[in-house]
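Chain nomenclature is as follows: A, B, C and D, assigned in order of appearance, with residue numbering initiated at 1 for each chain independently.
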Amino acid sequence: MRLHEYQSKEIFANHQIPVPRGRLASSPEDAKLIAEELNRPVVLKAQVLVGGRGKAGGIRLVKSPGEASDEASKILGSKIKEIPVRRLLVEEAVNIQQEIYIGMTIDRDSGSTLLIASGEGGVDVEEVARTSPEKIARVYVDPLLGLKDYQARNLAAEIELPRPLWRSFISITKGLYQSYQELDATLAEINPLVITADGRLIALDGKMIIDDNALFRHPDLVEKRDFSAEAPEEIEAQKFCLEYIKLSGDIGCLVNGAGLAMATMDIIQHNGGQPANFLDIGGGASAEKVAAALRIILQDPQVKTVLVNIFGGITRCDEVAIGIKKILDQIKTDIPFIIRLVGTNEKEGREILASANLETADTLQEAAGKAVQKSLEYAP
Amino acid sequence: MSILVNTETRLLVQGITGHEGGFHSVQMLKYGTNIVAGVTPGKGGEWVLNGKIPVFDSVQTAAEFTGANASIIFVPARFAGDAILEAADAGIKLIVCITEGIPVKEMLQIKRAISHKDIRLIGPNSPGIISPPFTKVGIIPGNITKPGNVGVVSRSGTLTYEVVYALKQADIGTSTCVGIGGDPIVGTDFIDILSHFEGDSQTDVVVMIGEIGGLEEEKAAVYVANHMTKPVIGFIAGLAAPPNKRMGHAGAIIEGGVGTAESKINALKNAGIQVAHYPEEIPELIKKL
Amino acid sequence: MRLHEYQSKEIFANHQIPVPRGRLASSPEDAKLIAEELNRPVVLKAQVLVGGRGKAGGIRLVKSPGEASDEASKILGSKIKEIPVRRLLVEEAVNIQQEIYIGMTIDRDSGSTLLIASGEGGVDVEEVARTSPEKIARVYVDPLLGLKDYQARNLAAEIELPRPLWRSFISITKGLYQSYQELDATLAEINPLVITADGRLIALDGKMIIDDNALFRHPDLVEKRDFSAEAPEEIEAQKFCLEYIKLSGDIGCLVNGAGLAMATMDIIQHNGGQPANFLDIGGGASAEKVAAALRIILQDPQVKTVLVNIFGGITRCDEVAIGIKKILDQIKTDIPFIIRLVGTNEKEGREILASANLETADTLQEAAGKAVQKSLEYAP
Amino acid sequence: MSILVNTETRLLVQGITGHEGGFHSVQMLKYGTNIVAGVTPGKGGEWVLNGKIPVFDSVQTAAEFTGANASIIFVPARFAGDAILEAADAGIKLIVCITEGIPVKEMLQIKRAISHKDIRLIGPNSPGIISPPFTKVGIIPGNITKPGNVGVVSRSGTLTYEVVYALKQADIGTSTCVGIGGDPIVGTDFIDILSHFEGDSQTDVVVMIGEIGGLEEEKAAVYVANHMTKPVIGFIAGLAAPPNKRMGHAGAIIEGGVGTAESKINALKNAGIQVAHYPEEIPELIKKL
């Protein structure tokens, strides 16, 4: 689960990381009021969970409360990459001398958290990493020991931060690591962390991603989740703990297991078709979950065929069959279904489906071939 | 001979009284696995599976009383990390964690904590291990495999079934099939299992099934090129997957250009590994060896 | 630093450990008021940092507010083992069905924290450990992993706690461990943890000792420290970070290093004398610290001779000499001093002392012999 | 030959610009120790000790530039734990921590964290190591020892000086003297050092100086009885000490009746170790061997 910039900054502030003064505004009046309170030039920042906000016009520097109100009314209600802007962060503008990058995430390879810093932060940091990898400093954090002062200090030295800022940098880095640990984040980053014209470090933008598997420890975050900023079908999927990603093709896929779901998409493509989605119902899915998954697939207007590929292990084919039957009883659709059930309780599953008039397949290759064929034939 | 499990395996089931634990314990028993005990805290003293298997409150007591030397974990995600450490602490040498959804940072800690002990953890989020025809420690359906000379190792769950089932349909048998688990952090990697297969007299060919993300397959390819004498067939899922939802700049910087299906397939090919386009092509490639 | 029962219980309550309702009283009126509020029989418990309070009359069960006032006026102002009672904890009385012991401390041998529990808690738990060691359950906590649920559960099972209480026991044990970790304690114990007649677990008494080396992380505890409940010379010593323990002999000792201080006491005893104290000035002591240490020694009316034994490493003999000179300039005393300085800056130290008319010694045996001799000769 | 340190030792001083670090660096240099670098974060680039020793911001860079293979730590207690881990992380194999007052639980974690690495930590709260006549890594005054064939190991600081000084006064020299540190949790125990002395060709006799508390001396006694061929002389401080301020019931239960001076002296005697009554008796006992 991704956090909004303002949420990340709230968390940062609670961990002694300096952030610009400011507040959230939901209306031009709010924006004006906050600008008046701050009594200096402010920045309006659209709170939407997509990258490239700035280039899409979601960030504006304004000089007066009146201008803040005017610009806020333009951004609020507009859409950035399909997501409506409902809230703005209104913050004091900061005089930037240098942009630094600092971030941390899980490094599968070393089995630890990897901290990265660069003296050349900002939106182009990935380009810096590609062209000048020596400008990226790295530190591995032992998962049992946590981040130590010397590690943060070594980063400061490596990115050639001026010495008077080391103490502040160490404190910010430790604050970021604590935020990352306490929130069960898989990513925490400050980009840019700026050196201001008057020689202070301040976190100008922040990003955090929380491990969905650890959300049960953070009911407050789940409660405050802003669904308006996310795609509705993905919200629905998450409600049922389904992994769903919408794609651009026309063959809806329902599969158990991420690897098999990808292999199913691959074989559709290999047969000349295009998957409409990635959908993993996980292990041991109930009939309700299967029904919910199919409902999401069928809501996609591009879908011309549905391919169900279940290889039962912890998932039982009979439960899946019950789910399919349920949804077909509820929703009348002429979209063709290709069903392949193999594994645990396969026989029982097939028996349940025997009554319904559904196309089945024995092999994955056969199922994919049929699905591609049906999708080409389908005319609603 | 099989790898990791065999008829000497004395299995303990953590979470035996749960829905999944109970169901799959029955399946394992039917297959022939020697289940000696179950553990469910608070239910010690009960007997389950038609009164055949004693339940204990702790792994410690279960291991003491039954001589269990392997454990399989079916407990819910938020207790599964604790269950792994409990098994490790009680001296269990092979721990197979089926549970999916353990927070990744908890796994970082667990993996680090057991890394200095002589313990093999398979998973989490693993379908387990099957060595046809008599032993399975996991949830891989028994009827989709047959005994044979092909070792299978995979990061996926159900995709693994697809492969061993395709092998069986083509009349090719499996020596041992190991699902190492689909999570970012798992106890055992491809190289560990490949080295076991290299040393296993029953295994003549190895099938390795990977997917996008991480660098495991690339590292395994280097291992195969340098240390394996047996032929390896590969398959990588995710060619049609959209570019990874990148984990911020940090993820992009760490992974760089690697971790994609293309990079993995290239790495395998460069190591002399034949790569199948879809699961059912694997038996065809094996037959051509 | 030892915490009072009421402090430990405050900390426990903040970590979800059930404790009896109650508050601190400094007067009989307070005690009466609290008893009225609780509206049931209460226990008055003297808050003094000594063992055996109960046997010394520091704990009373009373049935009414009036009785609470009467008894409180008897205990308050009385002394328990030389310590004046200034505060009482007034708590609801609890109906006890079983007493459990649970405690944790550093185990040097395994390099970890050792948790101990027994189904036979209470004041005689050490006796239980001696006579029935099988009734003591133990769990070692990995310092990097912390206490895990299964470990607390295993303790519950081993002490044969009824199953319905396991969940509560695990929560209490984890709460105690968290208290211990957060407060940098070297000991945390609940004794007794009682099963009440109505089947609940409640912490009836608690003890915590905080690592003095970690007190810098707990300025609040240092601030709230109750010096009235501690011996004044030990308070003075702690102010200067001196390790001082008063003993019953007549030869005051000032030594650098705990091991050498003990060896000095041992050799005094070996020569037929008795040390008046253990005093370790630590490593690298300043002249001020040395002076403070001598002031404490000279305040002890039993002291008949002072033996200074310094073997300089990180401690410099010249600093020690300056400190000795300082105190002799300040305090006129006829108590004989035996001074032995060896090691770092020994020559400079001897030169500083040359002017003062002090007995010196070359070997420790010689110094001890002289000190014993002088103490026998001394007549004020 | 000496143990742990020798003329190949390339020493780094953590906290070289501090009061104690500076003072004792001068002493070590004078004694002949090969100090190659100092570390004080924020002072990298300076040169100290009459411009002879370069200062670095981190152990990592200091070790890279100077090839330091040992480190001595003089930094204040609240930073000393971090300093130990920094040295360990930078690949320093011998770390001597002089600092006193590190919180005990921090040391539990540090000790556990480095326990799987090939690192020897001496201390904390140690006077260090001296190998007369040329190498000292610590604060033991150089002029109180002379070269010889007696190995000394001790938990105490100044009591150690007392002993080596008494040896010198009796014209007995020291091969290496190691102060393992007086804190409850230290990196290296008696047995480690005893085994080094047993294997050291220069050492013919070993002096072991213990004190009350813990079980180290008792365990060392068992080791001496079973594994040492060289004679060992013991001394235990604390016979006149009042009964330990017991750490609650838990401490009393854990330690039981052991850990007292009597129990330690008995353990040593039972292991065939002669025990001196006071430090200056040690040379007498050695001369009688």
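To be clear about the criterion, a residue touches a chain if its C-beta (ideal position, glycine included) is under 8 Å from a C-beta of that chain, and two chains touch if they have at least 3 such contacts.
None of the values given here were measured: they were computed from a predicted structure.
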item	value
Minimum number of chain-to-chain touching steps separating chain A from chain D	1
Chain whose average C-alpha position is farthest from chain D's own	A
Interchain centroid distance [CA atoms averaged], chain A/chain C, Å	53
Whole-Å gap separating chain A and chain B, where each centre is the average of the chain's CA atoms	28
Centre distance in Å when chain B and chain D are each reduced to the mean of their C-alpha atoms	47
Residue list for chain C, restricted to those that touch at least two other chains	142, 144-145
Residue numbers of chain B (touch at least two other chains)	109, 113
Complex contact set, residues of chain A against chain C	144-145
For the chain B and chain A complex, residues of the former touching the latter	20, 24, 27, 77-78, 98, 100-106, 108-109, 111-113, 127, 139-141, 144, 154-162, 165-166, 169, 182, 184-185, 209, 211-216, 235, 237-242, 247-254, 256, 277-280
Chain B to chain C touching residues, read off their complex	41-42, 44, 57-61, 79, 82-83, 85-86, 89, 109, 113
Parts of chain C lying in touch with chain B, wherever the complex brings them together	142, 144-145, 148-151, 153-154, 157, 163, 166
Chain B-touching residues of chain A, taken from the complex the two chains share	101, 103-109, 111-114, 116, 125-126, 129-130, 136, 142-144, 181, 184, 186-187, 189, 191, 207, 209, 211, 213-214, 216-217, 245, 247, 255-260, 262-263, 265-270, 275, 278, 282-284, 310-315, 342-344, 363-365, 368
